[in-house]
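Look for chain A in each of the two complexes below; its partner is chain B in the first and chain C in the second.
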Partner chain A sequence: MAADGPFPKRLPEFSRAVDDSEDSDWDGGEDQGGDSGRLKASDVRSCAMRLSPAARQQLAAGDRRVLDCSTLLVGVGPAACGFLTACVLGDDAEILGLISCGFPEAGLANSLGQTALGDFGCFLYRLKCNPQVLVCHAAAPVPPADCHEFVELLLSVLDVESLDLAVLGTQPLTSFQSAEPASSLVGPLLRCLRSSAMLGQGKAAGDAVQQLEPPNLLTGLPAQLLSVCQMRRVPAAAFVAFVAEADCDGEPHRLLPPDPAAMAAFRPALACQPLRYCRPAWPPNSDRVMRLLCRQPGANGSSAYLYT
Partner chain B sequence: ISQKYIMSRYDRAITVFSPDGHLFQVEYAQEAVKKGSTAVGIRGGNCAVLAVEKKAAAKLQDDRTVRKMALLDNHVAMAFAGLTADARILINRARVECKSHRLTVEDPVTLEYIARFVAGIKQKYTQSTGRRPFGLSTLLVGFNVDGTPHLYCTDPSGAYNEWLANAVGKNDKTVREFLEKMYTPESVADEVGAIKLALRAILEVVQSGAKNVDLGVMRCRDGVPEWEILPAERLSALMAEIEAEREAEAEKKRARKE
Partner chain C sequence: VLSDKSIGPGKWSDYTCVLPSVSVGNVGQLAADLIISSGRLYSVGYWHSASLTPVCGPGPFGGPPCTAAELWESEQRRIVVLQLRSPVLACRRRRFLDEACNLIAECGFARVLLLASAWDSSRREPSCPSLGLAGSPGWPNPAPEGLEFESLEPERRLSGVGLAGPLFRRLAADSRPTGTALACLFCSEGDNSGHAGQLAEAVAAILGQPGLAPVPGRPLPSSWRLLYGSRPVEGLY
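On to the complex of A and B.
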């Protein structure tokens, strides 16, 4: 868990509420959650990455041991991931790897196939029609203490010198601060923060998404990603959608299907760098985007009668 | 131990506390409530009002079967937000309890009694293996035998409290903040004031239009409780009045600034 660079080393966390000496009394039955035993403190890791055989081959083949990638798109939370799945990935992606937080590496066995909502992996995909584009789905929430390690792990397999990065995330509308009263705010709102490298290269010229106004702050994994990109001079843009609280990322929201309105909030980002040129004949028109979003699981009304 | 790891061990079984005191299934149920559309309850001086966001029915669906408010007894009505099927079960059980109480005790239930009954069922489901909590919050309005109106709110954990005004469902925070600003006993002293406040509150988060809102009033005439769901024409007229009042207030503010 040692960190290179300016960020201080993070100390491991242990709960004094969990007493390792009581292992023998615990039956580990189904009613107790189904686990067969506690981990030792030495087994506890923060983040671990598992790559597919194809990705490992590519890493071994290159001189610099990095994956081929010029554009990295990161979705944080179910709405952002749903949007990227609908509008960027489609059916045209292969799984390159998985990053998991809070489990030891042994827990990642056979995890590349476990893509259900309830599982904890953050998957890394490659677009087949444009292999230079990688998409990372951080649908499972990354604890704040693990954000730095997550980012370091993700960027360790990429060539940051030739990388453009976009991160999409959500924050509650109620946290948006503006001169207007909160009750008059109509969500969702989309705002953007860019690294100076992106601004300096003129890549943000003419972009349709408004800058995030002070005193609003970017938080969580998007903030960590943008900070690291700022330090390493990587052109990066963070698109944050302020949506109803129920559609934000984080437990337990991730286990409910994302709302199409929350996903649709990211539409203007399709016309901005670096999403603009991710796929041929891009960006799609508005109608097509909405059709794609409505096809997402749970978005088309299977929950329409579930909740009243 | 990271939060993620803690939750993976403690969020699957309802009967297990996490080391930091969470019952994750109950918290998840509270999130399911936020998936439901907004419901507002107001306790007036001489009435109790429920206003709910009306969901658009599908083209081929009979919209009489899509209801967010239900009468439990002729003096108790309930609005809810959350899982539709769970609401149906709770409503049926509450109705049976109301009738059973009348037959056994020869008195109608008090609002506190029926709120405690509904909350008690919900709490039982948070402490049983093989079950899950009810994913809904309810607003119960009505009159006690002594002629006083009451409003109670229950949530998936089985907690219940009496309120002067409250909201459940999506955007409940926004509506509650509005009510905290605008509610005064004088403004809801009469029926029209209470109805208008409920409408104003729900229109904070719902598009204006009688097709988007249902409003019910529980009143007591000569000691006999009466439940009325306002017809669409009356709702439209009230919404037009509210819009006119808003414009007049905005005009006054502009004039004061100048």
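On to the complex of A and C.
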């Protein structure tokens, strides 16, 4: 880039203190109501959804333009997605669509054929053996700024009024707040938070998973999903596994299969609504699991590691 | 606003909206929790905003799960608390200001009381009171007699108040609500539960509602448990 004079071009500041006023020249990113002309294209973010021809046909055929779905399972992060793949999805699923985040223009999205781990698409599947169940894999990190739009897009093609929802996610074990010292915590820990609608309809059967204790909070996409379900009175449950930090989502370069121990942390959730009505398979067939999870080019059937 | 109860035009036309800001030590938000607890406010809805960091957790008062922004009401006291439990996304601060102003205008509040905290070092003099107050032309004297405070100029930039300053200036220039005030406590970060109580007492005095002041011995919100960490490891010393 050529400079206008002897000195290099000064870059705009990106970071601002929290107490800067709205009169500042730069407010740090997306601005829906301000001077968008001063924003860089890479700072304008959006999510985009691409549907399969079959899904678009189903939307067009119905009066309400929604997909047939009574149960939506959402996996957030590699461990949760691996668990849903192994125990629910299997290899008998149909791709209905995907959601991509972080594109500078709305409408852009990966193609449905880009299923490699490194493509960072969040796929939506339908179980062929149980077509009322849809599974969404958000294995790629969804930044907090994109969570709102992601959830709006996902729920826009579903009949929210007749939906049960479960979201599985992971958070670092070090973030779990307990009266006991952090050094004494033994992970993984599984906790559950349910919406009022699920509790109110008597759907919270059993105590298979301990309730999330205050002051612990859900963050990210699980938080956004459960918040929307709470607001819109959708029966929903969020299962969060507190695991070692390396097994949480948020690492775009992570192309290795998830840790089996982190995946197994979700096992008690199979006894809870709505997962138990999706006829999950436990224990999963180990060969099938490895075949499903090992989508790296060059990986052999028994190991996902390129270097052994 | 998504609500279980019908919120028609004019329902809150004679109400005061108490709105905390994410600021030093989260004092405004902690004070709002104390006001909700002491004043026995009840949940009436949620504010669904794309500008707030998504969070969800167990209800701090034992009720339904909490979200990033909630509305609590007391019909008897004619106040609504718009509690914010997460920070504004860094890339959406201006959008948040627009959304907040639109929400306040749509709800038709008569007055808005913003709660915030600023760095202790931004006080003019160490001997100045720890409470600062600013009022819009529609609410020029928010402080009752006997309340010690430092008068803040509306255009004064305070460090650590978050978006309370820009929001105050925006609302003060707007024709609705009728009056806007900013109550700001100067403090440092640490165990700010005492500062929250101090600010809640100031709010009770400003609104003329002694029942909003924290009641000694009343259980604290469950969200305050472990707020400042767990006990140290035995044998550390």
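Remarks
What we mean here is this: the second predicted complex is superposed on the first by the 223 of 308 C-alpha atoms of A that agree within 3 Å, B and C clash if a C-alpha of one lies under 4 Å from a C-alpha of the other, contacts with A are read in each partner's own complex, and residues count from 1 in each chain.
The definition used in the following text is that a residue touches a chain if its C-beta (ideal position, glycine included) is under 8 Å from a C-beta of that chain, and two chains touch if they have at least 3 such contacts.
The model shown is predicted, which means the values in this text are computed figures rather than measured ones.
In the superposed model, A:211 makes contact with chain C only, not with chain B.
In the superposition on chain A, A:231 contacts chain C only, with no contact to chain B. The wider contact with chain A, measured as residues touched, comes from C rather than the other of chain B and chain C. In the superposed model, A:145 makes contact with both chain B and chain C.
Within the superposed three-chain model, A:101 lies in touch with chain B and out of touch with chain C [touch as defined at top]. In the superposition on chain A, no contact is made by A:131 with either chain B or chain C. Contact with chain B, but none with chain C, is seen for A:244 once the two complexes are overlaid on the shared chain. In the overlay built on the shared chain, the residue A:174 is in contact with chain B alone; chain C does not reach it.
Common to the chain B and chain C interfaces on chain A are residues 17-18, 30-34, 145, 182-183.
The touching residues of chain A, when paired with chain C in their complex, are 16-19, 21-22, 27-34, 43, 45, 144-145, 147-149, 177-183, 193-196, 211-224, 226-228, 230-232, 238.
On the chain C side of its complex with chain A, the touching residues are 2, 22-23, 46, 48, 50, 53-58, 60, 64-65, 67-68, 89-95, 97-98, 157-163, 165-166, 169-170, 222-227, 230-233. Residue ranges of chain B in contact with chain A, taken from their complex: 1-13, 15-16, 19-20, 24, 27-28, 31-32, 34-37, 55, 58, 66, 68, 80-85, 87, 129, 170-171, 173-174, 177-178, 204.
Residues of chain A touching chain B in their complex: 13-15, 17-18, 30-35, 44, 46, 101-103, 120, 140-141, 143, 145-146, 174, 182-183, 244-246, 251-253, 255-256, 303-308.
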